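Letters A, B, C and D mark the chains as written, and numbering starts fresh at 1 in each.
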Amino acid sequence: MNWKELVIALFGEAHTITRTGDVISGDAHLQVAEAELTIAVVGTTDHAEIGVETALAQARLVLDTVSRYPGRPIVLLVDTQGQRLRRRDELLGLNRYMAHLGCCVDLARRNGHRIIGLVYDQALSGGFITSGLMADACYALPEAEIRVMRLPAMSRVTKISEDLLRSLSETNPVFAPGVANYVAMGGIQSLWSGDLKQCLLDALADPNTSDIRTRLGADRGGRALAERVVHQVIEA
Amino acid sequence: MERLDFVLAGHRPVQAFEAILVGVVGSGNLEVLVEPGDHPASCTFLINTSAVGFGAIWEAVVKGFQARHQLCGVSVSINDMGATPAVVSLRLDQAIASVPFLKAPAS
Amino acid sequence: MINALSYAELNARQRVEHLLDPGSFTEILGPSARVVSPHLALLGVPYAFDDGVVIGTGLMHDQPVLIAAQEGRFMGGGVGEVHGAKLVGLMRLALKVRPMAVFVLAESGGVRLHEANAGLIAVSEVMRAVLDVRAAGIPVVMLIGGANGCFGGMGLIARCADHVVMSDQARMSMSGPEVIESSRGVEEFDSRDRALVWRTTGGKHRFLMGDCDLLVEDDMGAFRQVAASLLGCSQKLNLQGLLDEQRVLTERLENTGQCNDAGEIWRRLGVEHPERVADMDVEQLQALKASQILGAS
Amino acid sequence: MSGQPKVWNSQATSRAGRIRRATAVLGESLIGKVVLAASVVELLSAVIESGDRVCLEGNNQKQADFLARALTRLDPTRVNNLHMVQSVLALPEHLDVFDHGIASRLDFSFSGPQAARLAKMVAAGQIQIGAIHTYLELFSRYFVDLTPRVSLVCAQAADANGNLFTGPNTEDTPAIVEATAFKGGIVIAQVNEVVSALPRVDIPGDWVDFVIQAPTPNVIEPLFTRDPAAISEIQVLMAMMAIKGIYAEYGVQRLNHGIGFDTAAIELLLPTYAESLGLKGKICKHWALNPHPALIPAIEAGWVESVHSFGSEAGMESYVRARSDVFFTGADGSLRSNRAMCQAAGHYACDMFIGSTLQIDLHGHSSTATADRIAGFGGAPNMGADARGRRHSSPAWLKAGAQARQGRGGLYAMPRGQKLVVQMVETFREHMQPAFVEKLDAWELAERAQMEIPPVMIYGDDMTHILTEDGIANLLLCRTDEEREQAIRGVAGFTPVGLERDDRMVENLRDRGVIRRAEDLGIDKRQASRSLLAARSMRDLVRSSGGLYNPPQRFRNW
């Protein structure tokens, strides 16, 4: 689904979302009971590379919302091929730009903004750690692709045979591409299908803003250890 | 990866001690964890190694080590990432350096 | 002639021992607990008893602190399920026990490929947990001085902390040079040109740019001294702080976004002889940064 | 008497003809002795004839790369069947000339970077190898039966008269030029610059016929730089054993070190561990050695009185210049190296050679040859061989000789010294390849490449000590083949060869001091730590040099 179809599905015509470069942004309006709820939408499209500019532009949009519209929910729409692999971006401190975006999202949450992440196309590697994965909860469309690396490339880097990787990936969600794996591990709260607007409304109605992903991973059986380890450490 | 298990008799008892860890599971290196063991008259070796097919060499290395130290009531656990026997022996010697032996019985 | 005790030379466990007050460290989920990665064995790769990260409590100058140290030699310090959960747990523990600081001795290539999905999620969990600790007024201090640097997800986590301390041998960035080279070719980034790699990602560049707050020699004593000076030094994030950061990063892009080499950037920052930077020691570099009105922060 | 009178100056006539042809074809591209780079192929076509012996200066370090490229551009229908006589095959072009059908025969010393391709081309019949020599052996044959007709050499700078300044990397140039210029040959030099006044003259202009300024500076490799960060604890342990068990034992004053991390570790332990043993001034004063960066801390600590070098090392220029009491330098201040002289020095004037190898067999023969590479050994066989012609004595030499003769009569009753030849290997190399084998791969290579003899780097009868992490085997003290075999097995650790040892015999050899383990030397293995290294990083080396050492970019991690 491209971003235009997505925002229609989410908001109908009630939005001002536009694209600037690879960044999409604007406001959207949802009818919640009798009231109209305005939502700030920030995201990327066209499998955006997350370089310093893209990270900074998204951070500015989040900060603008926090500065000017206290409490307005923020929806982060994710479509990225990962961080930009250029020496120049590293020279400028890409990790700082990206972390800044993550800090802005986190600040928005602390300031009372609901933050919903949605992977609607692809989310590769580090590209969405500081956006969608920093939301209160991150969701995905079933047809979206989430991965760190494809198995052939992973096989080359780890020197583990592709056959072994492939056969293990059938039962273990820990390394292979796929949104279902991320759901099983708790990184994705759930998949949205059918009435996407309703899915969004349901997400906004979920009162939880704390990070429950290790618990989800344990409950769903995709990440058996993380929750237990976290608790063992806290209780130490 | 290969998992190897050896239980070798020994006769030098040790005092109670805290677990000792030396080394790192890095390329060509290994970690050795020495803990009080369950067998009062022998030392157990439990080895995970990335290099498959070197069981005979491992056996020779730990037997040589045990022949020198005669540990009993001790468990040695190893995670290995392709260390040479030279490195393995060095780590074992480093690990055992802080094990508090009771006075070696005259033998 | 050479450092009495090189930080880079030591392993994670030794760094912890030498950073804290002698004998004060108590490890949480230490090697005997055998909380290991269940995934590595399935892939035929040996695990480590601590999954490559040492965590625990200790004292620094008699003040209670929490500490984590990544082992860069094991899986490149990569963050997997257990490794990440230990870091998350430590941050949550900080909220409970309120130490004078949480020290993270980062040395990592980022996400551990063998458990990539768990690692990716864990990195964002650690980021959120770090920001929770920071918001609670407990300083999180990143210490970076290992030979493997601090890359990928750990580079992101580092920049969420209150303070970043680096040695001039350390590196911090997002993608490693080898990754960029294999993706874009050697013309884009020659990963074997170490001088170029360090000029682009090394401690000196990060210090001149303001991406790390403090630069130290590769010396355990220097790290300890600086770490102690940061006890209780919380820098809470607020809107104004992030607006300032936005301005700094925007100006950086405007002023130096066209530069293709660190030397050009340094010159624009007011460094008169960029070619001399590489051979300067830490003290000279600190003097240089103090003496220039540098555009970075 | 009948027929034509014997001609006694055909070489001079041929030479004059070639020079004439070159002058004619070059026209205005030739000014004095200086030829424009664009005309290099015309020049080579004019002076080289089919079947000529050609020396293309390929050194261990500097390379006449521009002339090598030009040589590959000759027309093989006009110039072919060249016989290449050069010490090192380093560049792809060195084999391209065979691929293109320009050359067919080869005599050389070392082909490390091209060894695999060379083996393939030999197997395909594209190259006939005359012989694989040591450096000194090949240089010697330049003056006997392999004299070059044309030599293509490399220097830093030339003046209009053809005088050459080689800079610190003089290397093979004097040996090549001397043999060529004084036997009717033609010398062509590529230089990085043509200047009006040279800093010093390394090769006199009247030995040089043509000079060409290459469009880019010649290739040079920092082959002898070892980053101390990569030295392992085991290498530290072995270095401690070497110092205490061999250097101190024999009082080795004059020596040569092979290339590698093992010997770099020894160099870096001199100012620390060896100093703590009180050995300063007693060992390691005089060296035949390239300017190894790893030697800087020992030099700075006052251990080293002199170093003569085969070649130079990139980044060491300023350091060497500032330490002219130690290094051989010209009036201009920069290093003067000379491979032939240093090889002779290493062979005759050093009491010890210590280096590494890939394989050692039960007789103590050692070789770096593998079945699918034809690499040669460069200088190691000369360094690592007893100098049978040596007649002067020194304490180390005498002690080694005495040990070899102890208890023997007859022929061995005559007092004589012996060079210490030490091979230092870990029992297992990377990927668990054992360093000890029943049979060297050299045999298989010899069979595949139809060599008359297996390529052995150091013969067992020259080898005096084998040093592994497991112990030191002193072969001088062995009296029978069986003892020798058990001494070798006795330090072969957990390799198959080591596991086959006869424990009783090995213990007996240990009692006699033929085998000495770390503990026999009073070395606690657990003390073998990298913290003993006088420098643990490239940065430390730079600091140790007072900022004079300027490592190449690729080594600078700060």
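We take it that a residue touches a chain if its C-beta (ideal position, glycine included) is under 8 Å from a C-beta of that chain, and two chains touch if they have at least 3 such contacts.
Just so it is clear, the structure is predicted and the values come from calculations on it, not from any experiment.
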Problem - Chain whose averaged C-alpha position falls nearest the assembly-wide average - result: C
Completion exercise
For the pair subunit A and subunit B, the C-alpha centroid-to-centroid distance in angstrom is 47
Completion exercise
In whole angstrom, the CA-centroid distance of subunit B from subunit D equals 42
Problem - Whole-Å gap between the CA centroids of subunit A and subunit D - result: 59
Problem - Chains that touch, pairwise - result: A-C, B-C, B-D, C-D
Exercise for the section: Can you check the complex and tell me which residues of subunit C touch subunit A? Expected result: 28-29, 35, 38-39, 42-45, 55, 81-82, 84-86, 88-90, 92-93, 96, 110-111, 113-125, 127-129, 131, 135, 152-153, 155-160, 172-175, 177, 179-180, 183-184, 188-189, 200-201, 205-206, 209, 211, 237-239, 242-243, 245-246, 249-250, 252-253, 256-257, 259-262, 265
Handout entry: subunit C to subunit D touching residues, read off their complex
Key = 1-2, 6, 8-9, 147, 168-169, 192-198, 202, 204, 218, 278-279
Handout entry: subunit B residues touching subunit D - in the complex, by the definition given at the top
Key = 28, 51, 54, 56-57, 60-61, 64, 82, 84-87, 89-90, 93-94, 97
Completion exercise
Per the touch rule above, subunit C residues touching subunit B in the complex are 11-13, 30-32, 41, 44-49, 52, 71, 73-74
Practice task
Could you pull out which subunit D residues touch subunit C in their complex?
Solution key: 229, 297, 530-531, 534-537, 539-540, 542-544, 547, 553-558
